[in-house]
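Next come two complexes, and both contain chain A; in the first it sits with chain B, in the second with chain C.
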Partner chain A sequence: MWQLIRIELFKIFKKPRTYIAFGAIAAIVFLIQFAFYSDGDEYMAFLLKSVNETFTLEGKLLNGYFICYIILQTLLLHVPLLIALVSGDMIAGEANMGTLRLLASKPVSRTGLILSKFIAATVYTLALLTFMAILSLFGSMLIFGVSDLIVFKTEMFVVLESDDVFWRYIAAYGFAALSMITVSSLAFFLSVFAENSIGPIIGAMSIVLICTILISMDIPFFTEMKPFLFVNHMLNWKGFFDRPVDYAEVLKSALVLIFHIILFVSLTIFVFKRKDILS
Partner chain B sequence: MMRSILIIGLMLFLQPVSAQDETALVENLKAKLAKVNDYKATGKMKIDVSFINAPASNINVFYKRPNKFRLKKANGISILPKGGVSININSLFVNDNYKAVSAGEKAVNGVSTKAVMLIPMEENSEVVLMTLYIDEKNLLLLKTSITTRESGSYEMDMSYGKFSNWGLPDKVVFSFNTKDYKLPKGLTLEYEKGGKKKEAKIQNKKGSVEISYSNYIINKGVDEKEFASDKL
Partner chain C sequence: MNILHVENLTKHFKEIKAVDDLSFSVKKGEVYGFLGQNGAGKSTTIRMLLTLIKPASGSIHVFGKDLRDNRKTILKNVGAIIEKPDLYKYLTAFENLKLMAQLSGCRCSKQELMNQLERVGLSERADSKVKTFSQGMKQRLGIACALIHDPELIILDEPANGLDPHGIADMRNLILHLSKNEGKTILISSHLLSEIELIADSMLIIDKGKKVAEGSVSVLLNPSDTLVEIETTNDALTKTEIGNSKWAEYLQHGDRILLKMHRQSIPELNKHLVYAGIDVTNIQAKHSLENYFLSLTTGNQHVATYQD
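Showing the complex of A and B:
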């Protein structure tokens, strides 16, 4: 199994497209940091518009923790695309190149083959998130310094003291890893049906995008649907920035995501084991 | 009829005397507070506003006569209601040009006080009306309600301890009206828990900021740089 995972990892990191994601994340993080460095006060004034009528806020509002929160919020909407780019290619890419039949003819079980591919895709996902965490959290802390974090929510804002923030980011990145592995497993599942990686990549992204649009719309019918969408649970990394943290709700979301991961991977194995590989 | 004329006449006759009493009382209080040229204080601040979830925080407070006041949270963000300079009672009497009118007597936290309304005589004064509840015996300001032109109305409740000789409170509770706070969901992208939603919040709720002072360093000088404003 370990040998299979190593081979799959070698294949992933040999492809130039793998590095597009790292480049894109670096570019987005630097652009956001630059934008906030040069004109962050405008953004802050917009967020505080209704607060400023009654209150005066003093201190370093634009600090590394706040910038990291904005980056995390922005990037976690875009990272699924970068993850699907690799995960959606794991099986469909082999089918497209005509190596899938050759691979299946080797003396390894199909379950083992799928699991090794999925684990390799997960390693890639974790590497991408770690890269993102280092750039967005440590980079922003270095550029903007640290202070209390203000988290803006729809009907309130939460102030977290600076010495109570770092662990929340570690936990949030851990939760974000679970979210991204869910997207990865979805793209991976769709990949088993395709002969070309474009289909599963676009398919996975479309599902994530449609769910994101449903979540952001404040229409009662959609609101009823939200608790049943896994994309909604992907957003619960923000639960670590509540005061106090609603651990039961965060755990519920984590379990929903784990359920989806197991479901998508099991379905992939189920379909792949019965698949008549013609390419 | 004769009796009514007599009573009105008596009131008109006594009014200037009463106004003089109130003015003297306010001037005495002012003189007591004027003994404080500057102070540095440490304390704890608690915010109780429906749309702000913030922990109680340790603060440093700086004051310099006549009206320089600064409240800072070390390495943190401090949130103060607008008109927050008035959290400091020493800044209440910056303007001398006012008319003091008696508003009777009232018990504040079980202590009998003299209520005095101060009406600023300046046309452009930010403060429109100020009512002081003064403990005449100890010459302490226990409560004040202030109506301003721009920052609405607010109240301050003070309780005193070991710094009462200087007229400096151990605890100040600043109450004010707040407006509703809302950001679009598309911007915040929050996790939806599901279940029944809470009732829509009522506009213009009350909020309060409580400052408990643990120590004052009085008349030892305060550096001007303490009053410089921080970058957001």
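Showing the complex of A and C:
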């Protein structure tokens, strides 16, 4: 199994398309950091306009923690596409190249093959998020320094003391990893039905997009569906920036995501084991 | 000893019967030709041999073991190219070969991998990405990948596809070398009778998923044999009688009864059937067997019907 995982990782990191995601994340992070570096004070003044009428906020509000929060909020909506780019290609891409029949005719079990591919896709997802964390958190801390974090919610704002923030980011990234692995497992599942990677990538993104639209609509029918849609739970990394943190809610969301990961991977194995490989 | 034994293998794709009750055996050390035109069911059969497709019914035994129950053990000792060489274009020739060796459970040293590339004339391009390779080079690398773990049974599906005449000759020599000097058992599929004739010891011809003929190449292509079509009032009994006879061989082909036999034996056949109580309405010597097999492998039925 370890050998298979190594082979899959070797293939992923030898493929040029793998680095598109790293390049895209680096570009977006640097652009946001640059924008805040040059025009950050103006943005903060605009953001705090209504707040300043009632409260007096002191300290360096435009700091590394705040920039990282903005980056996380922006990027975690787009990272699923970058994840699907590789995960959706894991099986369908091999079918398209004709290498799937080669793999399936080797003395390895089909279950082992699928699990190794999924684990490799998970490693890629974690690598991408770690890269994002280094650039957005440590990069911003280095450029803008650290201070208290102000987080704006729908009808309120929360101020978190500087020494109470770092662990929240680590936890938020951990939760975001779970969310992204769920998207990865969805794209991976769709990949088993296709013979080129475009279908699974677009399919996974469409599902995420449709669910996002459904949960943002305040229609009773959709509201009732919310708890069952995994996309609704993906954004609960923000829960770590509440005071106090509602751990029961965060844990519930994490369990929903883990359930979906297990479901998608099990279905992939089930389908692949019965599949006639004709590509 | 049979290395491969296939019995009553059948596969449907919805209503289409791709392989229909196919049985054959491949002996140790022989080059076994698997002939048929495109769509005859060769690749489907080969994919079933490699566990890529699940048969609807029938059994496959390799090295005396049931493939269903001993998949991993059997596949460790099988090397294959299916239709065209399957390679990772963004990897180098060396990386592809190393990956295939690892997947096949072979712990090859760098030197062994380089020797294998040398064997197929690609050692100088070891570090070139496969996307820069010609079809012939890919085919040679595919062969290297199929042989890297020193398999006992080699399955080659249309290995001459995309090769120039020089490449085809090289491939032919390699197959003969593997068989004669290294004792490998080789199953090679092709739609070219002329190619199989040159390298195979035995051959199987299939058409529309059904076996038409099987036997040693020299016997099947015996120039003194001819193809005879016969019409009787009792086809089932005719087939049984011919099956019991020594001087005629029944070739399956749709509803027609085609026989492979000496032209001189035709009167004896007629007498035999009449004695068995079968009314013969027509016996016709059609043309040479080679032309008939040629028609089955090229899809040119015109050859079968009119040429002699």
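As a convention for this text, the second predicted complex is superposed on the first by the 265 of 279 C-alpha atoms of A that agree within 3 Å, B and C clash if a C-alpha of one lies under 4 Å from a C-alpha of the other, contacts with A are read in each partner's own complex, and residues count from 1 in each chain.
The working rule: contacts are C-beta pairs under 8 Å (C-beta built on N, C-alpha and C of every residue); 3 or more make two chains touch, one makes a residue touch a chain.
Remember, it's a predicted structure, so these values are computed and weren't measured experimentally.
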Let's test your reading of the overlay: on chain A, do chain B and chain C clash or fit side by side?
fit
Quick check for you: in the superposed arrangement, does A:20 touch first (chain B), second (chain C), both or neither?
neither
Is A:47 in contact with chain B, with chain C, with both, or with neither (first, second, both, neither)?
first
Chain A as apex of chain B and chain C, Cα-centre angle in degrees (nearest 10):
180
Please work out whether A:278 is in contact with chain B alone, chain C alone, both, or neither, and reply first, second, both or neither.
second
By the touch definition at the top of the document, which applies to A:73: first (chain B), second (chain C), both, or neither?
first
Given the touch rule stated above, what does A:109 touch, chain B (first), chain C (second), both, or neither?
second
According to the contact criterion defined above, which of chain B and chain C contacts more residues of chain A?
B
In the overlay, answer first, second, both or neither for which of chain B and chain C A:262 touches.
neither
Given the touch rule stated above, what does A:170 touch, chain B (first), chain C (second), both, or neither?
neither
Nearest approach of chain B to chain C by C-alpha atoms in the superposition, in Å, rounded to an integer.
40
Chain A residues where the chain B and chain C footprints coincide none
Complex interface listing, chain C residues touching chain A:
47, 50-54, 71-76, 78, 80, 82-84, 86-91, 95, 99-100, 102-105
Please name which positions on chain B make contact with chain A in the complex.
50-55, 57, 72-73, 75-82, 84, 176-194, 201, 207, 229-232
For the complex, which residues does chain A have touching chain B?
41, 44, 47, 50-51, 53-62, 73, 77, 146-148, 150, 152-162, 164, 212, 215-218, 223-224, 226-227, 232-233, 235-236, 238-239, 243, 249, 253
Quick one: in the complex, what on chain A touches chain C?
3-4, 7, 10-11, 14-16, 97-99, 101-109, 274, 276-278
